[in-house]
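Think of it as A, B and C in the order they're written, each chain with its own count starting at 1.
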């Protein structure tokens, strides 16, 4: 069956720096896929490219059968790609509800449906419901992470791109993130997870890509990999 | 404080508030545009001027001041959007100074086009409301208070639009984080065009409101743009509330100063305020303290 | 070790100077005056290039420096008997320097857009002061005076003719160009350019960036003031309209059209602009427009097409007409 997301040999530059040297990967419908690698190898750039925030200079991307290379980011989001960036980047001066509404106010979504989505999200994230009238910038780090994920879910995405969601979070919140990934999986939303936390990634994902210096070096089902494996040690140094 | 009658002081307070409200309307458009796309629109004064001319023409055609106001806003909104799309959009990624240069060029072109098209003689618009009320022993025209009210209403409308409603959220989100706004599916290119159009329309509306007070000519925008720049810096670039407060404050200063010096010199008071702001609180006198 | 000046540069420069020197002898009066004017505005544009092209600070305040140079010279010429050229130069430069110091102090604390807007407002402040201080400056009408002779009191006195004045202007402008060139290529100039490239890094390395900026503004103001003095000498009047910010704007236009960071580019830009001005002014008359059916355009200001050209250059040719030669001109 055709994968939901197919990335073929994309290259990307930042000024004169060659960041992505030909990344290729796939994510199937409803699949949870992990992206591991050291800092600075191009994991974030890969997600940005998929989200349309960075345009690759070469290569192709296909989402849900449609070519998305070079598509403006807002169109990519409308197609159903939800992006949660590394530093969360919630809108600091908008309230929690307003933050959620940025993803909610789309074409073809009726008022009733919008309310339904909003209620559902507040059920999943009671903490956000409590703070719904607070400005996003006043939330704690963990709460902002929840909001960033919830906000992307308002797009009713077919895939969620998560960039280091557990970074800087307390262990309690880390397990909450794990739960969220499981919930997404249950809801048949695919997840492409970039993480530094190897055990979490191995446990949550079905397949793993390991990236080094802008290219995929290893690709295996998560079941075949264990923390402490030679391969993990080689590319991640842990 | 040599012997200024209290009545004159009150009159000047009213005058200050009236021009302050119009200046606030002009400056809000400018600061809205700057806040969302980092563009200092040098041609803002010319949108005011062209709006005033559209108002003059519409008034001559239909006899209705209100129609003139609406027509000016609508026409200049569309015109502004066109100017944005052709000259500013290509420059968005570059050094912000290129947009000052480009809009300065636009300002020159528009001023001289207007001069050629309409001639150097100022046009007059009749005040839509005549009649005065007596304040102390002096007469004050109702019209001035009404335009202050209208300007306030428009600004209030803008505030409501930004605070509630889908597009208001789009605009505020784009202003705070343009990249993430795109990632949320917000059609940012359209939002930017829309904001530029709104800002231009506000300038045009100010032009029509102000026209009966002074007469319409090709250079009327120049005074306003300088004052608007001062207001925007004193109020805090991109800070809507600050600009409004600063506009009224500066206009009041100006009005009081002209009790003692000539009007062309009274602007020096505003300049002094600008200098003080730059020295002691460069992010803006009325802006919240930067953390 | 200073880089060796390429021979080509000196030969080229000498050739151009020779042409400019011969020009007044062969050109009709109008074009001769225009050429002198181009040189003067060119000097103003070059002074502005020191800030824009080399230090990376866009200033809309040069009309203040220019105007004060003009009025300073005027004051000296009205108050000396017989009018003394050197006094005019000195007082013009001092006036411009004073204004530059004032502007520099405030403006160098600001970055980018704030600096641009502030300098713009400063030039308007000076405009308003000059416009309203009628007793000192003649207000709206300005000041008129007579041109001094090229003289050293007690030794000789040669009244200027149009041609000799042109040569004087040419000498001053050429000398200024060489001086500015020397400045931009000196260690001081290198620091300025590094400020333009990356101010934070320059500061981190330990350079007192504010002081460099202040000196840059002062030098820029001095040369702009010099241009103002030359203008006063050529036209024998000073008027507030030259202090109006539009003059600053046009100066920036010359810079951008010609190519910033080249010194010579802005001068070429001034020439290009002024020639276009003359060209379009003549073109937009019924004589030329009617035959092509564009009679309706008659009387349109040259600034409309020139403004459009300027905008197009900003968008499509940001390095300006001579931008391609930037590296070469700075060797």
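Basically, contacts are C-beta pairs under 8 Å (C-beta built on N, C-alpha and C of every residue); 3 or more make two chains touch, one makes a residue touch a chain.
This structure is a prediction, so every number in the text was calculated from the model and none was measured.
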By C-alpha centres, the chain nearest the middle of everything shown is B
Most remote chain w.r.t. Chain A, using mean C-alpha positions, is C
Chains joined by the largest number of C-beta pairs are B-C
Dist(centroid_CA(chain A), centroid_CA(chain C)) in Å evaluates to 55
Per the C-alpha means, the centres of chain A and chain B lie apart by a whole-Å value of 43
Chain B to chain C, mean C-alpha position gap in Å, rounds to 32
The residues of chain B that touch chain C in their complex are 40, 87, 90-91, 94, 96-98, 100-102, 104-106, 108-109, 111-113, 115-116, 226, 229-230, 233, 237, 262, 264-265, 267-268, 271, 274-275, 278-279, 282
Contacts from chain C onto chain B in the complex sit at residues 58, 106, 109-110, 112-114, 116-118, 120-121, 124-125, 128-129, 131-132, 245-246, 249, 252-253, 256, 299-301, 303-304, 307-308, 310-311, 314-315, 318
In their shared complex, chain B is touched by residues of chain A numbered 51-53, 72-74, 77-78, 83, 85, 89-94, 98, 101-103, 105-106, 151-152, 154-155
Chain B contacts chain A in the complex at 166, 169-170, 172-173, 176-177, 179-189
